[in-house]
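Across the two complexes that follow, chain A remains constant while its partner is chain B and subsequently chain C.
Right, the complex of A and B next:
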């Protein structure tokens, strides 16, 4: 399978803190790759480097054979990278408003954006995605007041507005109930299988990783310590050590 | 379909769902308002028609500033931007007709606004107040410099005319009403497009907005351009109304008036009605202070000198009252009235 996204030898420091200490990673086209590891191991930092939120001090990010290390975040979104945050960023407005914003990544011409046609098209797309993430009940509710599980779905729908090829999902199921987790897992699988998205998934819940990921990378203290199928990885002594401590 | 929509409103298409007026009552209210505005010249002395035109002018400037402020971009250079529009019109009104002079004045002010707004990419909200303060004084200085050889720095504007027909009073007033209505429609329209939503997201979470595809450079530039354009058109209309302009017409304190009273008292985020209410507030207070001062001046001669202080005092009281009683501005009072009638006769 072809590699769609590659992280090459990435280092990231915050003052004296080393967040990423030479990370390498390849995401293949059409796969679900899970990224696991204890808190503070650098998973979020890595996603932030890929989407352009953080600038690594060293290393390169390659997307579809193109070096995007110097590209600003919005340009990375435009070429097909969709980032969903651990804590969703929701703004004042209805659920529809929050989702419609994603349209600006698809339509770049500001004058066309101002036309009624864009508003209607954005609205139609948003409605379809609202059905996908099953938020019909909430479409006009003020989004800021909604519970975490709903907010995560809103952000997922917003990112899907520009139909990205790669999805970076940062703990999409943390803080969700069992039912909500199952729904989220279903969306992720459908996005992967039906819509052919390549997905880099940061996830704490190992049983979920076991169920949906094809490959797992384990990180600890800013480096990769293991890689393999979910079954192999959980048996790896290094991984057990990192998770349970000594 | 939805949970939170007031009952009695049913829509069949997204376009209808996004319409500005939802119920017959809204059309009725707008119809009445339009009829009154159209009849004013035949019912009231010209003084009041002039007042309405001033309200329209400030209303337009405040609409643009309201959009900018709602994007968390604070500007206290908007009086100067009105000045840019006003002087552009004054300088070119002999050569070109008004329907060209007005948009050109808007574009000039938009360019100046973008130029001084660009630092907003690098600096934070609070510092923007200082950089736009600097912009206000720089623009004032340039306007003074451009008019240095003209006595009193006063530049005359040719009257509004088509071919050889010069617009007389009700015509001029109707023209101003039409322009205000068009600009009000456009700014309300922007608010319902994805561009408007992106500006709100940029305002609240700029870092996250970028990751989700919002190009901050593009959207901040657009916000400054749109709001500069509105200020420029307002300045142009001012120029045509007064027939002459001087740099003193657009002082720094007027910038604060537009922001503090126009946007905040009127209602931040309520681009049309909030801005119009804010504008009414400015004009009413200005007129009231003039009346009070001229009525009291014969008895209290020292008052003449403190007319401006009286105005500032009234603003202070109004802003304080609004922030306490109705923090989202006069527009939210209007929303309450609207909601009352939306649910009427079951308004409990």
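Right, the complex of A and C next:
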């Protein structure tokens, strides 16, 4: 399989704290790659570097053979990278308003964004995605007051509005009930298998990782300590040490 | 009947304050910038309209004034781009105080330019008396100056257009998304620099419309700056700094109180009319610190 996203020797510092210490990663087309590791190991920082939220001091991010290290975050979304946050980013407005705003990524012309025609097109797309994430009954509800599980689905649907090829999912099941976790896992699998999205997944739930990820990278203190299949990495002594201590 | 007339005048004046407050609120809500230059933007607008309508490109005075507004607005769009790109953008990520100080500097630049270019003599728009006849419209015993009628119509059109834009279009959704969390909005494909620029553009156009109205009512000179800020700021604070609808309601409330209670008290205590808006502001802020429609912030401790 061809590499769609590559992180090359990335270093990220916050003052004297090293968040990422020379991280390398390759995401192949159509795979689900899980990033796991203890809290503070640099998983979310790495996602932030990939989507442009953070600027690494050293290293490069390559997407579809193009160096995107210096691209601003919105431009990375435009070329096909979709980021879903651990705490969903929702603004004042209904569920469908919150999803429709993802259309802005596809349309830069402000005058076209002011036209009703664009809103109608965006609404049709949003309606299809509402069905995908099974939020029909919440369509017109004020999004900010909804439970975490619903807000996570709203954000996922918004990101899918611009049909990204790569999805960066930051703990998509944290704070969810068992049923909600199962639903989210189903969406992720469908996005991967049916819609051919390449997915980089940060997740603490190792049983979920075991069920859906093809490959796992384990990080600790800003470096990669293990890589392999879910079955392989859980047996790795370095991984056991990172999670359980000496 | 006198009271009714004052209330109508108050509502008309309130729509103008509301539009100025809208300019202020929009820039605050989207960019988190307390724009002290709002009065100077209004001043620049009235002078630019004065200058362009002075060219008399159209014979009809009303159309000529309207063309002046359109041409001034185009210049306003260019100034908005320059304001965002060269004054504000370098300061994003800095303290709020730095941004406020930059708007103070912007105000001084705009005001200084108008004084250098047009001086401080009181001026009127070319053909103003033909467009807004000095004899008021009489409805029974109520007299309403024409300038108030047109200003109300203009203000409501711009406010209605803005509300439609903000609440119904994708452009408005993007503005709302950026106002909540610019970095996250950028990650979701919205160019925050573009949205900030468009926000300044709308802010300038709204201020320029207010410049036309205030210039027509009070004449054009530097005092418009103070009048603009002195009404936009309390209207915005009363309505709630981050609420566009609140800005208009704050403006209406201010206009009503100023023209009714303020005018009445002014007979006994001359000059108190100008203080009344601030007394109302104090009361509102004591009872509702975030304004009547502002978002209450709850922070975790």
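In this section, the second predicted complex is superposed on the first by the 246 of 246 C-alpha atoms of A that agree within 3 Å, B and C clash if a C-alpha of one lies under 4 Å from a C-alpha of the other, contacts with A are read in each partner's own complex, and residues count from 1 in each chain.
Keep this in mind: a contact is a pair of C-beta atoms (placed from the backbone, for glycine too) under 8 Å apart; a residue touches a chain by one contact, two chains touch by 3 or more.
It should be emphasised that the depicted structure is a prediction, and the values quoted were computed from it without experimental measurement.
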Clash or fit (per the criteria above) of chain B with chain C on chain A: clash
First, second, both or neither for A:141, with chain B first and chain C second: first
Chain B versus chain C as contact partner of A:110, first or second or both or neither: both
Partner chain in contact with A:16 - chain B first, chain C second, else both or neither: neither
Touched partner set for A:124, first chain B, second chain C, both or neither: first
Which of chain B and chain C A:51 touches, first, second, both or neither: both
Partner chain in contact with A:73 - chain B first, chain C second, else both or neither: both
Partner chain in contact with A:93 - chain B first, chain C second, else both or neither: both
Touched partner set for A:237, first chain B, second chain C, both or neither: neither
Chain B and chain C contact sites that coincide on chain A, given as residue numbers: 51-53, 72-75, 77-78, 83, 85, 89, 91-93, 97, 100-105, 107-108, 110, 113-116, 118-119, 122, 158-159, 162
Touch list for chain A against partner chain C, complex: 51-53, 72-78, 83, 85, 89-93, 97, 100-108, 110, 113-116, 118-119, 122, 158-159, 162
Sites on chain A touched by chain B in the complex: 51-53, 72-75, 77-78, 82-83, 85, 89, 91-93, 97-98, 100-105, 107-108, 110, 113-116, 118-120, 122-124, 127, 137-142, 158-159, 162
Residue ranges of chain C in contact with chain A within the complex: 165, 168-171, 173-174, 176-177, 179-181, 183-192, 194, 198
Chain B - residues contacting chain A, complex: 1-5, 14-15, 17-18, 189-190, 192-195, 197-198, 200-201, 203-205, 207-216, 218-219, 222
